[in-house]
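The structures come next, written out as structure tokens.
There are two complexes below, and they share chain A, which is joined by chain B in the first and by chain C in the second.
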Partner chain A sequence: MSIERREARQPWILLSPALGAVGLLLIVPLLFIVVYSFWLRSATGGDTAGFHLDNWIKALTDPFYRYILLNTLKIAAITTVLCALLGYPAAYFIARSKGNKMILLLLMMLPFWISYIIRTMSWINILGASGALNSGLMALGVINEPLQMLYNEAAVILGLVHFLLPFMVLNVYVSLEGIDTNLEDAATSLGATRWQSFLQVTLPLSLPGLAAGGLLCFVLGAGTYITPLVLGGPRDAMFANLVFEAIITQLNWPLGSALSLLLLMVLGVLVAIYNRYLGMAQLAKGLG
Partner chain B sequence: MGWGLIRLYAIAVYGFMFLPVVAVVLLSFNANQFGSFPMTGLSLRWFEALWNNDAVMRAFRTSLVLGLMTAVISTMLGVLASLALVRYDVPGKNLITTALIAPILVPEVVLAVALLLFLNWLGIGKSFALLLAGHVIFTLPFVILVVQARLVSIRRDVEEAAMSLGASPVQTFFSITLPLLMPAVAAGALFAFTISFDDITGTLFWKPGGVETVPTQIFSMLRNSISPEINALGTVMILLTVGLPLLGAAIARSLSTKRGT
Partner chain C sequence: MAAVTLGNIVKRFGSFTAVQKMSLDIPEGSFCTLLGPSGCGKTTTLRMVAGLLDPTEGDITINGRRVNDIPIHQRNLGIVFQNYALFPHRTVAQNVGFGLKYRPIDKAEAQRRVMQALELVQLPHLADRYPSALSGGQQQRIALARAVVVEPDVLLLDEPLSALDANLREDMRVELKNIQKRLGVTSIFVTHDQSEALAMSDQIIVMSEGRVEQVGPPEEVYNTPASEFVARFLGAANILEARVTDRQGDALALDVPGFARVVIPRSRAPKLGDASAAKLVIRAEKLKLMPADSTDDAAIMIQATVEGVDYQGQAARYFLRVNDHALQAINMIDIAPFAPGDSVMLRLLPRDCAALPAS
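On to the complex of A and B.
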């Protein structure tokens, strides 16, 4: 074998374990559930192979599923907006601070390292019947009975915002850091107030970071089922809860396949729109 | 809007992020038997209860073994793939990169369902092997991102110098590239370990009945009621997953200052 051919083969040898893993453990399984979603779960518990549209018809037309899907998108949207409102000023503060930016950023990312389940359940200590808020208010004599603040949609949104905010801050921070501060100075020297120069120079230039953070918050928020299980009530299920129910509780795997693919497609459309206008490079910047 | 106002707002946001975590740590030292506010005194009884709780200790061992194996496998795959992508002109590099990053672009629930159903069809049901496969696949992108970023900054001429002096590519890798890459390898492995150790979304789909990792153990304990034992477990987790990366970063920093890079 010639040296050139050996050289050309080397990268593929290095890549093959990782590509093999992604192929076998992600890509083929995704194709497999596409096929699986057309099978049927029979009453006896076995799966009938074939081409049946039943699962898809149920997933797309069942009013309960549609309600949950819309509600999931609504919750994810509210979460994203709240993350932007909380995260943008915080990221701006870190990026323009004269102190030690790295420490400030690290502090904001610390909760990111704390396990998702711990951060989610930690809100029970704050909002629960004997949590910090209720016992504080009762000690102050503001209320006599604990308020019911847990197990509703607001608690789910709160938990999601707490979980996703670091993603937003990091992405906005990265894009703010990339802006030449001379541009703001130039705007101010031409007579713009600080507020004007922010609105017309800084904000538009940081929009890619805001969009990347927003996409991450939305997609991660819309795909969760743990937060509604821990902080939500019985009526606060999100779409991923339906998937979990179908797969783990009802063991209806063909229906579960169709539901997961539906979720993948809905979120995929968003990612595709994002990719069309902004490209994936921006997202990689925020992750790296 | 003045800078003072922005600072105040940012402090409030930091407070929002830390308040619940502080509550977990505080309550884990609570002497009060209901594990609630107001605190009646400090005590280590909940940590003692954890230590004597067999289910929790078993979950700890499972999570530890799973995290370590995930870190080793994921890091090996990730380092090899990053080398190929950074050091060679591979045709279709963008497509390959996208494929390797894909596990974090697909919602984890969907990944979990697809993997469970496919491996089950192949005859591998809910098992430790399935858990490991799942954890490897979604930690891999993070390892690749971290290692690639570092590899780009290692100059090619150092490697070429070694090879021109007669070192084989394999020798060059082990005596030149790998030592220079070590901080990124360690960071990638740590990243993989922490993500695996913390995961619950996929794990709940993949774990066999009776096997619990720490997060799923916490989740099943939550179903009963929030006891101070959960807060104690939370405190241990926080120490592990926040303390370890901080320690790692500190070690990496002191190593790199010694080398003078």
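On to the complex of A and C.
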């Protein structure tokens, strides 16, 4: 075998374990789900194999599903905006702090050491009828009976922000770290105030990080089902809850498959839009 | 009138004192260089004038106005950074025009001044490019254009040439100096490169460990160093222990045992005073190597042995021995350099020597 051929093969040999894992654990199951989504659930309990569009027609036309899908995107969007507003200043502070940045980043990562479910459940102890906040306010005499703070949309958004904020902070932090601090000094020396130089220089240069963090928050937020399950009320279901409901509760695998593929496609389109936008931004940065 | 003055400036970072009691007058329109090794406080000083750092003590004035409490964006300065610090998301024209947005200038006038600045640095054809498409030398010129377009009171240059390669650095040195002269803007230049400082400055401020070692025009700093540090930092110098044996009128006789007796003018030893212990400073290029049988009644001739030769093309650096003194000499090569082991005659003119106090 010639050296060139061996060298041409080498990357594929090195990639093969990863490709094998991705293929076996992601692509193949996904194909199963695609096939499943065209099957039919029969009244007897078994599934009928075949090529039927019934599940897809139901998923695309049922107004309830459409309402939940739009609600899911709305909650994800609100969460993303809140994460950006809360996360950017935090990331800026960490990136510009003169102390030990590693410790600050570690503190931010600390919640990841605790299970996501536990972290979500902990809000019940804070916001619940006999939670910390209500008992505190009642002890102070501010209120006479507990406020209803749980099991509504606000609680779901709060839980999601809690979960997703580190993703935003990390992405923005990385992009801020990559910006030369001399740029802000140069801008202020030319007459811009600190705030103007932030708006003119630092913010535009950190937009790729903000966009990446935003995409991550949005996709993870739109795909969540634990947070609405634990913190939301019956009307706060998100799209992943429908999938859960169809598959686990109703044992209707074909419909659940179609619904999960629908969510996957919607989010896929959003990622594609982002990719195109960022691709253009990168191009603009490189060429002018 | 001094354009920039520093009065007893002290800068401390925690327990570390970066600048100690520094006072300085920088005349209007002059090109002054803060020269010193890294960590000597030169960049800290520049950043204090810029307003990027606050002095711990002391006053900074620009055109007679105390600027300590004036924020950087109101100081009307131009800064050129070592790494250029061009805005990567703005075109060259937008970069140059950045400072004009914050001044009461209408758009047409701003555009005219941007083009004028780009013509000054000879790059008007690059107005619509982005910085990433420019070479290092071009980026440096754009950074300079951006700094001068606002007609600053003071131009601050923080090692602006050190990121360029050697040939380009020498070209930019000449160009930078020409532009400064043409604009007549008071400039403070920071460098650790003694040849840059000597070539460009009206006035050199040699710094070491947060203190000013010497202030003066290039020839004075070079020829009459005020301290051993200055003598060693600006080029290669031989520094020999000497005793003052005689003082007569303007003449000062110094005896270096095992080397020579040298009579120098008093003006070459301004710091010596009445001390009897001294140090004789001889620049390496002032020791001229000649064949062993040479004579010259107008000069001091000293027998020496060549111990090593560092060939540099047009010149050579010789490592010499005279009794127990090790010396260095840098000479232009005439035909062929002397070889190790050669016996030579060193020719030295007393007026090329300087003397320092011993301690």
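Basically, the second predicted complex is superposed on the first by the 260 of 288 C-alpha atoms of A that agree within 3 Å, B and C clash if a C-alpha of one lies under 4 Å from a C-alpha of the other, contacts with A are read in each partner's own complex, and residues count from 1 in each chain.
Throughout what follows, contacts are C-beta pairs under 8 Å (C-beta built on N, C-alpha and C of every residue); 3 or more make two chains touch, one makes a residue touch a chain.
Everything numeric here is computed off the predicted structure, so don't read it as measured data.
Student: If we overlay the two complexes on their shared chain A, which of chain B and chain C does A:Leu86 touch? Say first, second, both or neither.
Tutor: In the superposition, A:Leu86 touches chain B alone.
Student: In the superposed arrangement, which partner chain does A:His162 touch: chain B (first), chain C (second), both, or neither?
Tutor: First partner only, chain B.
Student: Please work out whether A:Lys101 is in contact with chain B alone, chain C alone, both, or neither, and reply first, second, both or neither.
Tutor: A:Lys101 sits against neither chain B nor chain C.
Student: A:His52 contacts which: chain B (first), chain C (second), both, neither?
Tutor: neither
Student: In the superposed model, which partner reaches more residues of chain A, chain B or chain C?
Tutor: After superposition, B is the partner touching more of chain A.
Student: Is A:Ile226 touching the first partner chain B, the second partner chain C, both, or neither of them?
Tutor: Touch status of A:Ile226: first partner only.
Student: For A:Ala192, using the defined touch cut-off, is the partner it touches chain B, chain C, both, or neither? Pick first, second, both or neither.
Tutor: second
Student: Could you pull out which residues of chain A sit against chain B in one structure and against chain C in the other?
Tutor: Looking at chain A, the two contact sets intersect at 287-288.
Student: Per the contact definition, I'd like the list of chain C residues that touch chain A in the complex.
Tutor: 50-52, 71-79, 81, 83, 85, 87-89, 91, 98-99, 101-103, 128-130, 132-133, 146-147, 150
Student: Over in the complex, which chain A residues touch chain C? Could you list them?
Tutor: Its residues touching chain C are 180, 182-183, 185-194, 196-197, 200-201, 204-205, 285-288.
Student: Which part of chain B faces chain A closely enough to touch in the complex?
Tutor: Within the complex, chain B touches chain A at residues 1, 6-7, 9-10, 13-14, 16-21, 23-24, 27, 34, 36-38, 76-78, 80-81, 83-85, 87-88, 90, 96, 98-111, 113-119, 121, 133-134, 136-137, 140, 144-146, 149, 169, 194, 197-198, 200-201, 204-205, 214-215, 218-219, 222, 226, 230-231, 234, 237-238, 241-242, 245.
Student: For the complex, give me every residue of chain A touching chain B.
Tutor: My answer: residues 10-12, 14-15, 17-19, 21-23, 25-30, 32-33, 36, 86-87, 89-90, 92-94, 107-108, 110-111, 113-119, 121-126, 128, 130-132, 135-136, 139, 162, 165-166, 195, 219-220, 222-226, 229-230, 240, 243-244, 247-248, 253, 256-257, 260-261, 263-264, 267, 271, 280, 284, 287-288.
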